[in-house]
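Order of writing sets the chain letters: A, B, C and D. Residues in each chain are counted from 1.
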Amino acid sequence: MSNNKPVCVSLDDFHDYAKATMPKSSYDYYALGAMDNETRKNNRKAFSKIRIRPRVMRDVSNVDTTADILGHKISMPIGIAPMAMHKLAHPDGELATAKGAAANDTLMILSTYSTYSMEDVAKAAPDGLRFLQLYVHKDRTAASDLIKRAEAAGYQGLVVTVDRPKLGRRIADAKNKFKRPSDMKMQNLKEEKNKNEDRGTFNKGMTGTVDSSLNWATDIAWLRQTTKLPIILKGILTAEDALLAVKYKVDAIIVSNHGGRQLDGAPPSIEALPEITEAVQDRIPVYLDSGIYRGSDVFKALAYGAKAVFVGRPTLWALCYDGDKGVDKMLKIIQEEFRLTMALAGCTSIDQITRDYVRRKEQYIPKL
Amino acid sequence: MSNNKPVCVSLDDFHDYAKATMPKSSYDYYALGAMDNETRKNNRKAFSKIRIRPRVMRDVSNVDTTADILGHKISMPIGIAPMAMHKLAHPDGELATAKGAAANDTLMILSTYSTYSMEDVAKAAPDGLRFLQLYVHKDRTAASDLIKRAEAAGYQGLVVTVDRPKLGRRIADAKNKFKRPSDMKMQNLKEEKNKNEDRGTFNKGMTGTVDSSLNWATDIAWLRQTTKLPIILKGILTAEDALLAVKYKVDAIIVSNHGGRQLDGAPPSIEALPEITEAVQDRIPVYLDSGIYRGSDVFKALAYGAKAVFVGRPTLWALCYDGDKGVDKMLKIIQEEFRLTMALAGCTSIDQITRDYVRRKEQYIPKL
Amino acid sequence: MSNNKPVCVSLDDFHDYAKATMPKSSYDYYALGAMDNETRKNNRKAFSKIRIRPRVMRDVSNVDTTADILGHKISMPIGIAPMAMHKLAHPDGELATAKGAAANDTLMILSTYSTYSMEDVAKAAPDGLRFLQLYVHKDRTAASDLIKRAEAAGYQGLVVTVDRPKLGRRIADAKNKFKRPSDMKMQNLKEEKNKNEDRGTFNKGMTGTVDSSLNWATDIAWLRQTTKLPIILKGILTAEDALLAVKYKVDAIIVSNHGGRQLDGAPPSIEALPEITEAVQDRIPVYLDSGIYRGSDVFKALAYGAKAVFVGRPTLWALCYDGDKGVDKMLKIIQEEFRLTMALAGCTSIDQITRDYVRRKEQYIPKL
Amino acid sequence: MSNNKPVCVSLDDFHDYAKATMPKSSYDYYALGAMDNETRKNNRKAFSKIRIRPRVMRDVSNVDTTADILGHKISMPIGIAPMAMHKLAHPDGELATAKGAAANDTLMILSTYSTYSMEDVAKAAPDGLRFLQLYVHKDRTAASDLIKRAEAAGYQGLVVTVDRPKLGRRIADAKNKFKRPSDMKMQNLKEEKNKNEDRGTFNKGMTGTVDSSLNWATDIAWLRQTTKLPIILKGILTAEDALLAVKYKVDAIIVSNHGGRQLDGAPPSIEALPEITEAVQDRIPVYLDSGIYRGSDVFKALAYGAKAVFVGRPTLWALCYDGDKGVDKMLKIIQEEFRLTMALAGCTSIDQITRDYVRRKEQYIPKL
């Protein structure tokens, strides 16, 4: 790490560095959410309104943070969420992210819109655990092509994003007339699919090549036919849809509002989680992303029933800070914060983290 | 559009332009609410506290925003609220507004206090759908006169404003000693009715020529006798009054607090809506205005039972920005935001938008 | 009024003028509350969280604001609260206040600690309605003396302040080392009682000459023996004490937290009001002060069962602004605001103002 | 006191002085809490949301603030919490604190990590009441050694801190690379235990010499065997742990979140108190610290069932301000604030302070 960079002790320190050093339009593209950024901001606010009830006088000399994700053991219940275009943050892009994740024995989910090809990413960190995030394209041959390539390259799961039938409206991108730099390609996509949407224009059709007709009735079946990989739906926010996911036998779901980048006004994912874990009743694992940036956030999500969480933007800031070493450092910080939270709350393994350990601040009031 | 104007991607962008360019006293007259502006500010805050629960994996490749208003088909459940004196914003005043509305196949409600006559407005956009907003005057001959003219000019509904028996107290107008510019006339009114109230003076009588004795017992009957046009009451905020409207057989009601310009301390219209739609039980259509400025606001109002909404001030800001082209652009933006909200929430026609799609943030808490 | 004074259209305008022109230590003494000013600030915040539910289509061409206070007719349910040392605001002090109140046919309560004698105040506005506020002194001969003088000077009621057994701790006064100017006397008190407490010192004994042993068991009886005037207790904040007031047959009570100047942390008076009016069940009239500064506040207090309210600090600011003419103007403004609130809410006399017209914002939520 | 120091009338004044005069890294070490400082800030916010319901017309000419702590009479239910390294604030360190506490007839709890030895502290104020706070060390011989020394030096209680199995993460300390100054020693500890942790490093092991395996099953028994002193557990925040404390027959507990320095996200201690006093049902005394800085806070804690409270940081600020005289002054101020609160609330002895005197602001709402 170069010497004149500030010391990072919290995930927000990576953010501050990135904000200060990245081109504004790239920073804005990464940082901001849809419309008025309400959901994005509420993601973090909602975490801060949950209290942890610490239990004391327990032997916490050994705290084990290991977790399991669809049969794969990982060092902590914290993986990396799929995000487009890591190259905007660092020339090594997704290669560096993959290395950082692998160095910490945890999962990286690679975006369809990565700026290195999934094969190159696989090669950069051959031992790392990787899932591919899939935007199902209108052209189903192209879509099944992507899946086949993922299988071949050793990806172990397929994360199908369901909250983006159309692109969310991001005001700053429109004002900045943000475009993917022309020397940066979506390396998983064929040339002809790889055209550059101008986000300054806002029209009915704006979905690019993503299939906005995706639906329960036909498409889970199509996915099952196409691959043997486990299928994880990303972007569920209601008990009703979680129950449909169980009914249609998907392997897992990710409670997510896409970091507030799609439907502004959608609930913070941590608020949506309880109705979902209650409905699902452990029939399939429930994961969560959106707003995670402290070890205590991880603890809270697990207490409400999530089996693991994914970190989005902080990964990009860490990448910008110092490539794979930045991502490595970021993951170590949040892991240690999580371990410390467990110790101070009196838990030594993640299965001990239950609902008794959390309470909304409003729930303290009736007693006062 | 002239080249040095900022790009508008949200309705607030029109506002910012208008605030920067209009004379302060005109801007204040348009922008501000009564007294401490609590109701005005709460109108928007109340929307932002409602969460939308998005449903996923639905075919949203075609989203239909069309709506119906008293038998007239409109392209979206979004019309233009009646507002006095559009000329303060742009020399083309209500003519431009009418053109913008007509270009988008939606309803404009013309104010009694328009600065172009209702006949001229009708001619400016002959195919547009128009209602006349009526302040019932003490002089009932004058009042029925207005109604007859509206019928003759092809107005299709009569919006009777009931929340202004006396003029609300607007502090900035009093401090600015705001007066209608002398070269601007209320073109629907006869010369002698057209005198200029000085808002710096505050006295018991201040109602101008509006009849503050309007009441259920006698005046609905009088209106029915006077016209065959459908009668819509604007300014209802309680279930009790909504039930009276049903009892007295008016055709529709608009839940509104007049954009916070009348009784400061009145509830945000979106908060008042549920008790009203519950009481009315679909016997008459319920519309809403006050605080609408995003497509997601429209979605929320419909989810609580409104059949359509009206946009107030953003129309004036858009008018100031670019006359009829500004209004056209404003309507297109909010329509596309609404369409996108529908798509991301999993709805393809407005009748699908029900209460299940919304929840107050407080309702998420008991589960946490 | 001198020409370079700003125009006052709201009660806060008088405040702003006073703040800009008064010596800081006098302004602070008037303006601030005890300790952290929580109660003082909450007084106003609590009003702003109450919504008024306006009823429409009622004949409000005549709105009657008259009220009754212990058998005396007043022009509005708004009187002037007792406050020490009006001379700090204006050389005419309490004389001017009395004139302003009398000019508006309403009640003034004179403080024990007035800077003109009660006899002089009576002479300044002989036709005005006046009560004397009493701090019961340890020396009961002196106390009964004050009462006899009040009877002789035509005061019609005795307001016994019960929330000041010891002086509240006001931080700014202590820091400013605030003292009554030496040329200003408490004209109702004998020379030897009139010594000047240094508020910079803070010690156990600090009660001056006020009797901190005042109690239900003995002192209501003593008051009844001493005078035939109606007895009003000022400073009740709980249902329990209100019931004791009924039991001990006082004539009326004033729900008040002394404008937040005594116990910081006490509830806003408008929050305490409902439990009190519910308990009292109209057996004696309940009045309220603390935080009233808009006509809509008066409406809200009446809706929760108060029969009248008293305005404190705004009187002092108005006095500073323009002596008796300032007070007159201030009272006219709040009366007209109250009248307008009544009209816009659909009420034409104060007995129509009931609980149905108000609702806490939290009560709207369950329907959303 | 030197003449150019500002006058202190509230406990926050000592803080302001210390903030302005101490080296930043020492100030930060004292002032800040863990992670995002949420719990630290909520400690005070939570107090400010509690209303006191004052009772009037009671004889409060004599207000008795005396209290009892495990059989020892103290002048007020307010003692001094254990805090490390008082020498950072003033060269006289814990000697001065002990003198200030003794001068006010109240309890001081000395930290294991004091910068004067417990024997020297005992000698500095021989008549004062003192408990020793114990961090149980891995090396139990060293631990029982400390206990024996405390007994020999006349300490009357053992406060075992249970919320610090690992050191909380304090961001500012890490950024400041805060270290104990090399000329300052933990005088209770043997040389070899006295090594200096660099808080800039953050690693799994960071517990120093404190035993993170402390647990109910074995360690209460060990403590009982080791000493006859009463055992007080400090750092309980749940009813469950309070019941375990009763079950394991400890003598008292302190509800505390360590001033927000350990688990960020833990509830404010005043919020956690009611569930604990309800569960404990007076079987053992419950004390409280964290966020106390006004006499009214003490009143609120007692109303919810605490028998006494402890003041943390304000002690350090007062020490910095003026050594033992500063601590003396600070204690006198909060005692007088507490006495005044009692008087204004209508209580003359601390056993009269019950739950009827307090109410959360939310509890006022249903009546509105």
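Definition applied: a contact is a pair of C-beta atoms (placed from the backbone, for glycine too) under 8 Å apart; a residue touches a chain by one contact, two chains touch by 3 or more.
Since the model is a prediction, treat every value here as computed from it, not as a measurement.
*Asks:* Please state, in steps, how far chain D lies from chain B along the shortest route of touching chains.
*Replies:* Graph distance in the chain contact network comes out at 2.
*Asks:* If you average the CA coordinates per chain, which chain's centre is most distant from that of chain C?
*Replies:* A
*Asks:* Determine whether chain A and chain D, two copies of the same sequence, contact each other through the same residue numbers or different ones, counting it as same when over half of the numbers at the interface appear on both sides.
*Replies:* different
*Asks:* Rounded to a whole Å, what is the gap between the Cα centroids of chain C and chain D?
*Replies:* Roughly 41 Å separates the two chain centres.
*Asks:* Between chain A and chain C, what distance separates the C-alpha centroids? Give it in angstrom.
*Replies:* Comparing mean C-alpha positions, chain C is 58 Å from chain A.
*Asks:* Among the residues of chain B, pick out those that touch two or more other chains and give their numbers.
*Replies:* 50, 359
*Asks:* Chain contact topology under the given definition, line, ring, star, complete or other?
*Replies:* ring
*Asks:* Which pairs of chains touch each other in this structure?
*Replies:* Pairs of chains that touch one another: A-B, A-D, B-C, C-D.
*Asks:* Help me check something: in the complex, which residues belonging to chain A touch chain B?
*Replies:* Contact set of chain A toward chain B: 35-36, 38, 42, 50, 162-163, 165-166, 168-169, 171, 174-175, 200, 202-204, 211-216, 219, 233, 235-238, 240-241, 244, 262-267, 270-272, 274-275, 278, 304, 358-360, 362-363.
*Asks:* Could you list, by residue number, the parts of chain C that touch chain B in their complex?
*Replies:* Those in contact with chain B are residues 7, 9-10, 48, 50-61, 294, 296, 300, 333, 336-337, 339-341, 343-345, 356, 359, 361, 364-365, 367-368.
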